[in-house]
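Per-chain residue numbering starts at 1, and chain names A, B, C and D are given in the order in which the chains are listed.
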Amino acid sequence: MDSNRRVSPIFLQVKGMKDIKGIFVLASLFLLFISAGAFSAQEIAIKAGTILPISDAPVENGIILIKDGKIAALGPNVAIGADARVIDAGGKFVMPGMIDAQSRLFVIEGELNDSSSIAPELNILDGLDPFVKEAPEVAAQGVTAVYISPGSHSLIGGSSAVLKLNGSMDIGEMLLKGDIAVKAAIGVSANNESSSLGRLSDYSSIRESLLETKIYVHNREKQAREMAEYNKKRAEYDKKKKANPAEKADKPKRPARFRPNPTREVLAKVLSKEIPFQIEAHRVTDILNALRLADEFGFTLILDKCTEGYLVAGEIARRKVTVILGPVSTSFIDMPSLEYRNHDIRNAAILSDKGVKLALGVSGRDGASSKFVALAAAMAVASGMDRDLALRAVTLTPAEILGVADRIGSLQAGKEADIVIISGHPLDTLSRVEMVLIEGKTVFERKDQQ
Amino acid sequence: MRNYVILLTFLLLVSAFVAPGRAEVTAVKAGKILTISGEPITDGVILIENGKIVEIGTGIEIPEDAAVIDAGKSVVMPGLVDASAVQPVRGDLNEQSSEITPTLRISDALDPQSKALKRVVQTGVTTLFVSPGRQNVIGGLGVVVKPAGKIPQQMIVKDEAALRIVMDLDSTEGNRIPWREPPINFYYRRPGTRMAIIWMLRKSFFDAQQQADTEQIKDPNLAVLSAALKDEIPIHVNARRAIVIRAALKVADEYGLKLILQECTEGYKVAGQLAERKIPVVLGPFYYYPGNMGQYSEGRKVNWNNAGILAEAGVKVALSSGEQLGSIDILTAATFAVRHGMNPDEALKAITITPAEILGVSDRVGSLEKGKDADIIVLSGDPLNVTTRVERVILNGKTVYQQASGETL
Amino acid sequence: MKSRSRITLVSILLIVFIAGSMAYTAPVRKKLAVEAGRIITIAGKDIKNGVILVEDGTIKAVGTDVEIPWDAFVIEAKDKVVMPGFVMAHTSDGLDRANENMPEVPFISTFDSIDPISTFFEDSLRDGVVAMLVLPGNNTLLGGTGTIVKPYGRTVEAMLVKRYAGLKISLQPSRNTSRMGHMQRFRRYVSELKDYLEEYEQRKAEAEEEKKPFDEEIDVTKQSMVDLLNKKLTAFIYCDRAADVPKAIEIQKTHELNTVLVLGPDCYKAAGLIAKSELPVILDPQLIVWETNEQTNEEEMKVIPMIFHKAGVKFAFQTDTSQYGRRYLWYQAATAVKYGMKQEEALKSITLYPAQFVGVDNRLGSIETGKEATMIFLTGDPLDAQSWVDQVMIAGEIVYERAKDERLKKLLEPPIKLQEPKDTD
Amino acid sequence: MKKRRFLAFLVVLSSCFSLASSGGEQQVLAIRAGKIWTVTDGVIAGGVIVVNNGKIQTVSQNAEIPEGAKILDMPQMNVMPGMIDAHCHIGLSLDIFGEMDETVAAVAADMQILDAFNPQAEDVKKALGSGVTTIMLAPGYKNPVGGQPAVVKLDTSKADEWVLKRTAGVEFSLMNQALMFDREPTSRAGLVELLREELNQGKAYKAEEFNPRRELLKRVVDANLPAYIWAHTVDEIASAMAIVDEYKLNAVLVAAGQGDEIADMIAKRNLPVIYSPLLLSSKDKDLKRAGRIANSGVKLAFASLAPKTDLCDLRTSAILAAKYGLDKETALKSLTINAAEILGVADRLGSISEGKDADLVILNGEPLQLTSSVEMVLINGNIVYQRQGE
């Protein structure tokens, strides 16, 4: 497993290298080799006791066939190629890799936000450190993807991304999808002091910048029209000139050049529903404000944290707004904290009972706590959430909310082979993760210490 | 490879801790052995039993059950002694609530897990003198430790090894004179000038003397001080500038104290006096222009050959890291002392036996002799060469660090 | 303060003195012949008992079988080691202040701030450095352009080797901003610059079209960045931690800049990436970092030059004054050798490589026919702590002699024996 | 599963009515449950617990149910002894920046935490729902000598008898958090020195001179009052052990995060450890520590330090510890009997066995299954919490 961790980065470095010391290549290739199954080219077949595809009903004694990193087939009787590498997980559970929808992995301490309060043009990918050590530990708990969004100290913090924990040390290699959503926060106070006035100003300044964006878009289109106009005229003019240079024709005036504004460009995408707007809101007032904004501007809203959501579950459900809920328990954050004053462990249960589509995140103190995803789901179940929904809330639902469900989140033919093999049911905290594959590559394999 | 190395070192470290009682014999063979106390030995052998040196010399037959460490052509010398080492302590190094805290034992605060210790041992240091910080006039009692052990009790070589006194202006750091405001916290009642520093010093020793004349002492602080007056506890005085050194000598005369001077940036100016009074010095880190060096800005008049000049004049000189943990180890410090004119043998003594003598632990460490602790370092070559590296560190007969090939990657 | 002024005073006197003494001891001669015990050419093999023939400050011939013209002035160095002087590829010393407060000031130049009588230059000369690229510090996004000087001369003009060399970019976010914002700031600046150029070209085109004279110059505040984009300047990109390296490489790729990476101590983690990018590197003065091993909880020594050496990266060393070893380039090289680097390679990374990185390798960095006669005379092996720089020759002119170094005497010899005041009380 | 819970709910409801009608006092109650986790002698499948007058009369596979006994029949359910939180700060009605330490003076030995406790506080009611029936109410770690912790039951309805121990010991802290920049002590060495001074004074205390604080410390030095010592890192624990050795204290280590590094020495001095919540740390290395400590023979109990972590997560700590190497039985004990023994209330609490208080927790799954939720809590045989079905 160690070799595994170290290998993939070396491998990635070697790939592109022109002039490289032969030994270096050999060594790393050798390491690669011993970390078996690192070649996605080979066909892999997993024989499982129970397959939890999440998308459909569980399959007993099924087989999952993996071809070049994708799931080729899944079911009780699948033909296995002769040369296929067979992983026997008889009696074990097999499920899709889990997703932490509120991760702080790779985040550089104190750099989740910039000093400016409205900064949608920022990109979380610029603020990450791929060289942190925690990632393998998290992957070893069956978490194969993390969703990282900017912090809550700016009103509009920037755009977020989903990374895969494939052991690489190159953000580019890890990136599953960038620009997932634009992160905003209402009524979250940096230093635990909060006033209704503060909330009001938060709300109104976000609203203001959205309005300005509308104006900006309008101007941009106007200018585009003028430019088209000008080009047409100019073409005619040139034609005339060519026809007979002598003729007197007044040259059309070039309209003022339009300076694109990155800040507005991003928000424009939000208004045109290209990118969802992820608003972190804890208290009822803030949640309602967020909903009101969504009503007014019609962007796709993702409610983040949603601590007091259970008090307005109906409102949220009625609008079909998706929720990334967390932390499930206040133990994950430093209490006592003002936003979490009315935190209730039954939040997830109540919301999901009301039919709200929600994903569970850990939102722990540090990067490593992303490993507690399954734990969070179990806690939700203990407080009354439906088992299947809870499991879905850490796999398929986040994938759907974040718009990556076509690639990850469930075990279906055609999806990427991010697969976890567990000794028992994933919601049983005492069951151990045996093996984790990402796109068919083994990123973790348990060696028994006992 | 690396994992393997890690594993190796780990095992070695484990082995360093388990079962110190059993009498297994270890033999160290080396091309050259610098005993420091005597002449260098070529192709010699050191026999170790129960963490002590039982035999050293040439032509010693090695018992067949002995574990043999063959250093090949490498150079072997005693583990280095840092007489003013970085403190393996978390948090404040001084008890700020008072400027006179003689009873403060830094040994109470030692952190066996300290990264500093684990690093410093890899630079060949096997004995450290750890003392309270610089921010009290009388800081408290220092301790001599070895960088091995799971709890402080296992590390300590000699507790209450010296009383720390700071006459440099560091002991006024962070102090404020209450000005148009009520003195709300205790940073208001500490000295702000060197006058005050020296006055406090005088006063506390005076009180101690008074007490000592009378019956047995109640106040534990005064107890420590009067012990110092009776030379039961040596006194380390921080003094950089010549004027401060002279002031220290004055106070010493008044109370008949035996001093050990620390840092002594301008010691070369008073070399004669120091030699005359047989006052040993522990030189601090060496800077080009302390003028730019923040808290070391005292004693701007540096002389790169400070150590050499003092040694020349007959002063007992020890070279130390000055309570710092840099990439510069004291072996390199000695190398540069030689570059600037110190005699090579003196320089080697100044990081081994001399500090051991100053700290009063020369019966156990500081040189390779029969009966002394088996603190041995194996070097890739001449110790006074900057391209020489520490290959292996043996502490109490156990290898605690080994520089394996390819470890650097 | 007081001391500094005193130091400066001394150094003025000193420089005047040296210069004065030069004036009659070693006038710039047309023909010189250096008879050296050992010549470390860097370019090729070392030469025992060789001769270096110098004419008009350039090397005419190097070798054992060079016959000395009758009219050449012979410098006896049979007991010395002669090698090309050291080159500092990156330093911010010798300036009054290294950083401007504004984040984007590519238009300022260290040329206006270099202080010829700063002791830094005097020390550098004493330590065998013959040229250094002085760049702004690491705390400014677009810090300004650099200047290559030799540490000898009474005015900046006299010291000058190359005036407009290198532009400093720092990826270390300034206080209370984040890396996200920092990168965004950079991108925005460049995109605005490109807009500006586009419009500029447009105006130019229109002017030509209408046969009007077009005399608009490019905005001076943008000039240096423009030069950077058309490869007239080299970008010295500072990476504070490993996470910045990928971004530096991204910048280099997207804008196709001539780039030298200036690394912080943490960047060794990205050695692989850097090797892949094949960019030249200037290492942090701190060559050894400690890392706690997660499994064993032990401290592991990471020797940065070895890591890069093994990854196949070409690098140069730099110095700082925080610790007394580190401030010598030769000591930095020695540290690398200490942990297993070949001496030849180590010496290259304080002579030839830095010269290449800053673009003066046509003149400096090795002892070859045709190069400038800039060399140092050592009393022993360059990586031996006990050997000193005895003489420094810059362009055929002896500019430093240890025997005449008053400051060094002051620093090494005991004070004049005056009667130590005896306490009288 | 939903159905099962609903059924249980009905049963519970009916039974409560009956209980309520007869006031619950002087009442024999019989609980027939699927699994009874007695902790001290194994698991009884399909057994019966007979509770008489708040005490457990019999517990066995087939005890005959006395006449007129009210019967709680829940074949699906698991019964375990009420859990004991060995260190928490609930009921102190902390505001956002609330402190549980009186940090003006370094030594606050004579302060009794119980004086600050509000039995009607919201979080006390909440706590019951998590299956915790007894807590040690403790001051924090910001004072070298912190005050007197208390052991209380959470059934605070009746004014008397819920306080088991008003002065359960004295809290000491050797953590760096006990250092302050403008209050003595500011340094670790000073901290240890200060404790020595205090204990010496205690030692020297004579009965005739009246001084409650020093009298208290005397009791500590005489080892008839336990000392609860906060120590997290190795050096802190080391100084704690030094003090314990020096004064032969009857001590308990609180937090002891890095205790595993020197677990053997802790075991040698048989110091029990009240371990801090596992959810406070997220690195595998740290999560393994609790298991290592227990496996080297140290008696372990868990604390929630609520409101630092949610009281519900007392069980989570045990389960996580089990996941990372603590064996299941010990994990369960650490929630119940071990804690009771450490707090010195094992004669009444900590297991389901004859004669002990009928403090019972009824779950819809196994105790070490995080997904199983608390359906009902009894204290002294009275139902003090039951879960609402939906």
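General observations
We take it that a residue touches a chain if its C-beta (ideal position, glycine included) is under 8 Å from a C-beta of that chain, and two chains touch if they have at least 3 such contacts.
Keep in mind it's a predicted model, so treat the numbers as computed, not measured.
Note: the chain lying farthest from subunit D is C, by mean C-alpha position. If you compare B-C with A-D, the chain pair joined by more contacting C-beta pairs is B-C. Taking each chain's centre as the mean of its C-alpha atoms, subunit B lies 37 Å from subunit C. Between subunit A and subunit D the centroid-to-centroid distance comes to 40 Å (mean Cα coordinates, whole Å).
A straight line joining the Cα centres of subunit B and subunit D is 47 Å long.
For the pair subunit C and subunit D, the distance between C-alpha centroids works out to 65 Å.
Multi-chain contact residues, meaning those touching two or more other chains, do not occur anywhere in subunit A. Residue numbers of subunit C whose C-beta contacts span two or more other chains: 294, 310.
Taken residue by residue, subunit B touches two or more other chains at 113, whereas all remaining positions touch fewer. Subunit D makes touch with subunit B in their complex at residues 176, 179, 181-193, 233-235, 238-239, 241-242, 258, 261-262, 265.
Those residues of subunit A that touch subunit C in the complex are listed here as 9-10, 12-13, 16-21, 24, 108, 110-116, 119, 121-124, 126-131, 133, 150, 158, 169-172, 257, 259, 262.
Of all the residues in subunit A, the ones that touch subunit D in their complex are 134, 137, 140, 192, 329-332, 334-338, 341, 345, 353, 364-366, 368-369, 371-372, 375, 378-379, 381-384, 387, 427-430, 432.
Note for the complex: subunit B touches subunit D at residues 89-97, 101, 103-113, 132, 140, 150-153, 185-187. Contact residues of subunit B toward subunit C in the complex are 6, 9-10, 13, 113, 115, 118-119, 122, 246, 249-250, 253, 268-273, 285-289, 291-292, 300, 302-305, 309, 312, 326-328, 332, 335-336, 338-341, 384-389, 407-409.
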